[in-house]
Amino acid sequence: MNKNQHNTRIQKAVQCLASLQEDGKLSHCTCDGEPNPSRDELKEIIELCRSVLFPGFFGDNAAINPATLPYHLGVNMERLFSKLSSQLYAGMCFGDDNRQMSERKALAKDMASEFIEKLPEIKEILTTDVEAIFNGDPAAKNFGEIILSYPGIRAIVNYRIAHCLLQIGANILIPRIITEMAHSETGIDIHPGATIGKYFAIDHGTGIVIGETCIIGNNVKLYQGVTLGAKSFPTDADNNPIKGIPRHPILEDNVVVYAGATILGRITIGKNSVIGGNTWVTTDVAAGSVITI
Amino acid sequence: MNKNQHNTRIQKAVQCLASLQEDGKLSHCTCDGEPNPSRDELKEIIELCRSVLFPGFFGDNAAINPATLPYHLGVNMERLFSKLSSQLYAGMCFGDDNRQMSERKALAKDMASEFIEKLPEIKEILTTDVEAIFNGDPAAKNFGEIILSYPGIRAIVNYRIAHCLLQIGANILIPRIITEMAHSETGIDIHPGATIGKYFAIDHGTGIVIGETCIIGNNVKLYQGVTLGAKSFPTDADNNPIKGIPRHPILEDNVVVYAGATILGRITIGKNSVIGGNTWVTTDVAAGSVITI
Amino acid sequence: MNKNQHNTRIQKAVQCLASLQEDGKLSHCTCDGEPNPSRDELKEIIELCRSVLFPGFFGDNAAINPATLPYHLGVNMERLFSKLSSQLYAGMCFGDDNRQMSERKALAKDMASEFIEKLPEIKEILTTDVEAIFNGDPAAKNFGEIILSYPGIRAIVNYRIAHCLLQIGANILIPRIITEMAHSETGIDIHPGATIGKYFAIDHGTGIVIGETCIIGNNVKLYQGVTLGAKSFPTDADNNPIKGIPRHPILEDNVVVYAGATILGRITIGKNSVIGGNTWVTTDVAAGSVITI
Amino acid sequence: MNKNQHNTRIQKAVQCLASLQEDGKLSHCTCDGEPNPSRDELKEIIELCRSVLFPGFFGDNAAINPATLPYHLGVNMERLFSKLSSQLYAGMCFGDDNRQMSERKALAKDMASEFIEKLPEIKEILTTDVEAIFNGDPAAKNFGEIILSYPGIRAIVNYRIAHCLLQIGANILIPRIITEMAHSETGIDIHPGATIGKYFAIDHGTGIVIGETCIIGNNVKLYQGVTLGAKSFPTDADNNPIKGIPRHPILEDNVVVYAGATILGRITIGKNSVIGGNTWVTTDVAAGSVITI
Amino acid sequence: MNKNQHNTRIQKAVQCLASLQEDGKLSHCTCDGEPNPSRDELKEIIELCRSVLFPGFFGDNAAINPATLPYHLGVNMERLFSKLSSQLYAGMCFGDDNRQMSERKALAKDMASEFIEKLPEIKEILTTDVEAIFNGDPAAKNFGEIILSYPGIRAIVNYRIAHCLLQIGANILIPRIITEMAHSETGIDIHPGATIGKYFAIDHGTGIVIGETCIIGNNVKLYQGVTLGAKSFPTDADNNPIKGIPRHPILEDNVVVYAGATILGRITIGKNSVIGGNTWVTTDVAAGSVITI
Amino acid sequence: MNKNQHNTRIQKAVQCLASLQEDGKLSHCTCDGEPNPSRDELKEIIELCRSVLFPGFFGDNAAINPATLPYHLGVNMERLFSKLSSQLYAGMCFGDDNRQMSERKALAKDMASEFIEKLPEIKEILTTDVEAIFNGDPAAKNFGEIILSYPGIRAIVNYRIAHCLLQIGANILIPRIITEMAHSETGIDIHPGATIGKYFAIDHGTGIVIGETCIIGNNVKLYQGVTLGAKSFPTDADNNPIKGIPRHPILEDNVVVYAGATILGRITIGKNSVIGGNTWVTTDVAAGSVITI
């Protein structure tokens, strides 16, 4: 084939795809230059959060010391405020939001500053998570090692940020992308809608799935390959799944779930229970139980 | 040790490794400046495909609107043509291809434009995949959410691109790198040689393996941790595995496979069957069956 | 809310987080401009190792040929020496190292050049790993395909580098980050402390976990989802796990472990044994055994 | 000095400079996230203009051919529209503009699209400039050489763009930065307010100054070091220079000015005159004159 | 020629240049990993200075407001301290400095923090320079325009920074590179050793040269192409120029020098004098004089 | 105006400019993916030359020492060979070259390796230039200062590279862009065709012009603003300038030309002459003369 024939193929494909767009289902058109939800922007937002939550471990950390820490926190938070406002606004533009553009923008800023207000709380609960891993893993020598190299903590950080954003009222798309970023990096898939207590520890983690309506107490530990999923969900008259019905497990305080266990449905795993590896659990488990294969 | 001693170590290692190369097994030498298969280039090729298949979601999307869409499609496709030609050519240079360099180059361009010609078809089938996920997941609120955040769709996009390239005649190396990129991002490992029908849905997905000779019908859904693998493969007189023999399962239309199920060998899972979680299936399953642990 | 109110929230969060730091557990303060362990730096270190171990496949490879190979090896090794010294030094600064800064710097350089001295050995054993995959997978057409696209080899390369660094005396943090980088990319989690023989092959690999005290012989093959873990570990009087006690399995030569198998505790899997998929093994297995579900 | 003392100096300087800002003369505060005039953005705007005016010479030009040219023009112009709107808006925010923010934004977009409408005109007159250099310089072998390597044409391109923006109503700051960018690159300082006819040629060019109220006819040529400046300007009662009064020379058609000549004041250099090198001219020159030192 | 012949040429040139180095005059060898004076680093240092001196005009300025200004100043100054210390240390390593490495490093840090301490003074005098340009140029509409687009102010900023560093004791190389950077951008060549008073204004500026021992009073204005140079310099017995002897002009307060004037030797131009364009001045000029061609 | 109206303007401008291209004078179309002459590529080529000619001063110089120098030289030269071949080939594609593409490619490689062969010679003559500046400037303390900060040496390096390429047979476009890059950075405009002897020194340099047919002896020094130009050039019957006739001055050994002097036409400035500042010289000057204004 010669160059003209290649060009003809390209031109035909352009015409074909341009006309295919007309349904608009798989294409997205910004109306007035508003930003798009962006993985790159959200990645930077997570980096900014990390640098603020764990100063000296992440970010441009060469020169952090107590005297200059507030400067770094301030600059990073202002940047976080700007970028997060923009992405929250982008998220709103994806939904069926009927508010005016200016109203949406203002709301996005309010949510962003509310999130910043909650960062100290997020830091406090993350401290308990790091401690839980430290106390439970003989290999971990110090907090820094966990913060810098454990995939579990990486997934939990993203989850706690995403969960907070969801509570504040962010369009689900933004928290979803945030937890999916961690899923991609770590193989740990936590839905931002799940509720998870303090001192939460994940070991190895690849293959873990935690569903949207899970409720996890304090001091719970999960190993790799654990699924906390839905068994089935009721459908309406048109055979469409009914949304919002609790359908994932409740794990009470101090539960440990070993590798490969599958726990399905709105069941309760009672306090202090131990769920053995590769088990298949679909009914309530009394407090203090030990379930094995 | 002083600087000279460090230098001596470096120099000795250089000499040693330079002479080790002579077998040529683990080193690669370009003969005449031809390009190498490159993850970075292939990553950009995938990004270009995404921007063309889902305009406004990927790529430099700030300004997409129907009036200017053809410009963006055109520029992206021309770049895609150029980069893909180059990588297909690079793939050929890795094989035992006896053709002249100029012939290989021309062939690579023909394949690249043929691929572009097929992009509308790829888009059509991907539309069914997005719809399948949308219809099957109560959490998904709109197509955009699926396109932007679901790992399953990310893996399927790469698979459909890689499969098309393989059919067009690309050296296996290029499609393999493309599906491995998705494997790395999502934990979903689909061989480009597998055959997969319309309305294919993956949920969560981490740990899924779909082997080279699998045949999957329409409207099939897989959960995380599912293996569609080979049970064993016949060997020749020299005890080497014989290539190309069908050795992976066939899944007929409307099959659902739950998390952790393992299906091995050239068996057939009949229409409308449901394979339960953590099952181990190595024999044919009649249509409409429900298999549980 | 107006701009001032947003600023107030930011300022309050700055103050709160700045004062929270005082415990110093989740923040890291460099005393005198020493470098931090850095994923980006370690990523580049791995890239340099790859370009030196597999010349022409990785790195700026357009122009590699036997005549100029030593130049490329030399430049890459000098850069590797510089970057690795810096990261090894950074690792030391994280520990409880009482040595002087200048002594630590000198030690880091010695370790870096020792590592470079061992690169030819690492290359030799990696050659056996590539061969093992090549011989065991009918789909693999040549070494290049394995080097460029197989996640298993990617994980093994990082493991062998990390293991070597650990043996040389590097602070555990550096090898851990290196194996975690591979874990994130491939879903394969190998602890740098494990001991692994020649001709080691991994297929697919997602979900594999290999614990710290594992000992793996020659010619062993693992499929996806295999766990070589600890069953339990003795605790001291204060209920803290005792460190350093061997607690993971020993796999003798020629063992094959199929997908999803879980092998736990300090048990021995005898030579030439085959462990079937989804099995749960917690006791010794005699040589030549075949274990199935 | 120790680290604390260094920190103290930094903290004192921060306080001092933060309080110094209060006059607001040398600091700039954006009210509501509006963009700032940006050299980097304007540089990219100029690159986009060049790629549109001289396709194949500038920009990502590897693949330009007549069949795909419209795609490239379209994408570049849309990007130009977006970036130029933003910078024109930024320019307005610097002035004493009393309009509403939304009105200013709309106006900036109107100006940007008006500029794009005028690009074909700009291209036409630039064609005459390139021709003039080509015809006047025995060393120039083709148009491409002039477009790619002559500083004179680089300065003229920026001037014609800046002049057009000024006529359209842009705040002077934006055109000024554009001509200063050329000044920095070429040593040729043309005020965007000057009026310059067709077939304008500059040779070498370093040190040329062309003042704000200059009027230059068609087919004029200037050598390096030529000043077309103001001799003096009337001042008002407060001894401040009165703005806007014509104070720079008029050069009629076909004038040539050799290196180092200085022409000052609102004088007229008649048609077809030749002004010799290093001359000092402050009075009218009749048509057809030859002035030498 | 074939590939081998090209390789041979390269290899011979390598050998030849490697052996040529032995004189060490045109090559530079770092002894122990110390940094090199770096244009890129110094460019960033200047950008940091600009962002601190003119906040909101330079740097990442999107979000500057009075409430968050101290954060930005603090972060930028800490980065400036780090980078400047490093470059000052690099400068010392170029000289014949006999001090220990650790002593040099400490000294460099002291100089860097002393420089930061003087930034408010530098800002104050720069304010007078901007005012002088504003008052003297009818075209300038506001301070921002001057700060963002006038080459004169760009050159003066670099000069004042370089002069301050020289006074503090920096090796001449660092200030020289800083003023050469401005020379390259603006065509204005000011030696860092020159002494220049307040309210210093430069118009256009291309071709200005201000020599090392110049002394310039307050409220002086220079136009393009002005040279303040040395006429001749006494030589010693070996015919080498004697260093450090004042050999450049003194310009007293309120002097104006028009375009292209050349003023040579250790002469004094008295207060309130006006030196006309293209003049050649090599003897003292009494206060209040007007010199023309 | 609304979005549609902006789009209409853009679309009309696209159509208009796309059709304007048809003359092909100001657009450039690559026939078959050949490279374009590229400022960015040539900039990198110059950087590679600098790093090879002045090792440790330019390039990635952190680790240069005599033991590893050959590695760095080798890698840089191989890269130089590759990039320069490509640009020389690009230059040929601009001319009226009738050779086959493959022949041109081979020729470009031959020229590139010939250039590399001449690098030691270029280094030798540049050594004399650096010495000349060092000996003539009391301010210069060491060679490093000159190499790193003197614009004169920067311009001479580019000239000597460009001149060598021209002699080897490169299309004039490539050397022209190289000298123009130096012109832009330094204000010194040296035509690559000029012939310049050893020990050539430039001081300050802004505004210097050295014409195509200049011949400059050994040990010549030029100050800023010096023009070595053509007075006039004979035209043919059609009034077009006749190319290639010597029309610029000859400066014999040991000539010094002070700031602002203009020397025009094919005249000879005899040995050991001194041409004073701001002079205008258009006739031969006897050896040993001193010319003043």
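As written, the chain order gives the labels A, B, C, D, E and F, with residue 1 at the start of each chain.
As a working rule, a residue touches a chain if its C-beta (ideal position, glycine included) is under 8 Å from a C-beta of that chain, and two chains touch if they have at least 3 such contacts.
A quick note: this is a predicted structure, and the numbers were derived from the prediction, not measured.
Looking across E-F, A-D or B-F, the interface that copies B-C in more than half of its residue contact pairs is found at E-F. Comparing chain pairs C-F and A-B by the number of C-beta pairs in contact, the larger count belongs to A-B. Between the Cα centres of chain A and chain E there is a gap of 51 Å. For this pair, chain A with chain C, the centres built from the Cα atoms lie 26 Å apart.
The multi-chain contact residues of chain A, meaning those touching 2 or more other chains, are 3, 10-11, 14, 33, 62-63, 65, 68, 70-71, 73-74, 78, 81-82, 187, 206-207, 225, 260, 278. In the complex of the two chains, the chain F residues touching chain C come out as 60, 62-63, 68, 70-75, 78-79, 81-82.
On chain E, the positions that touch chain C within their shared complex are 3-4, 7, 10-11, 14, 33, 65, 67-68, 71, 82. Here chain A touches chain B in the complex through residues 1, 5-6, 9-18, 20-21, 25-30, 33, 35-37, 39, 94-95, 172-173, 176-177, 180, 183-184, 187, 189, 191, 206-207, 209, 212, 225, 227, 229, 233, 240-243, 260, 262, 264, 278, 280, going by the rule given at the top. The residues of chain F lying in touch with chain E in their complex are 52-57, 61-66, 69-70, 73-74, 77-78, 81, 106, 109-110, 112-114, 116-117, 119-120, 123-124, 126-127, 130, 137-139, 141-145, 147-151, 185-187, 204, 206-207, 224-225, 259-260, 277-278, 293.
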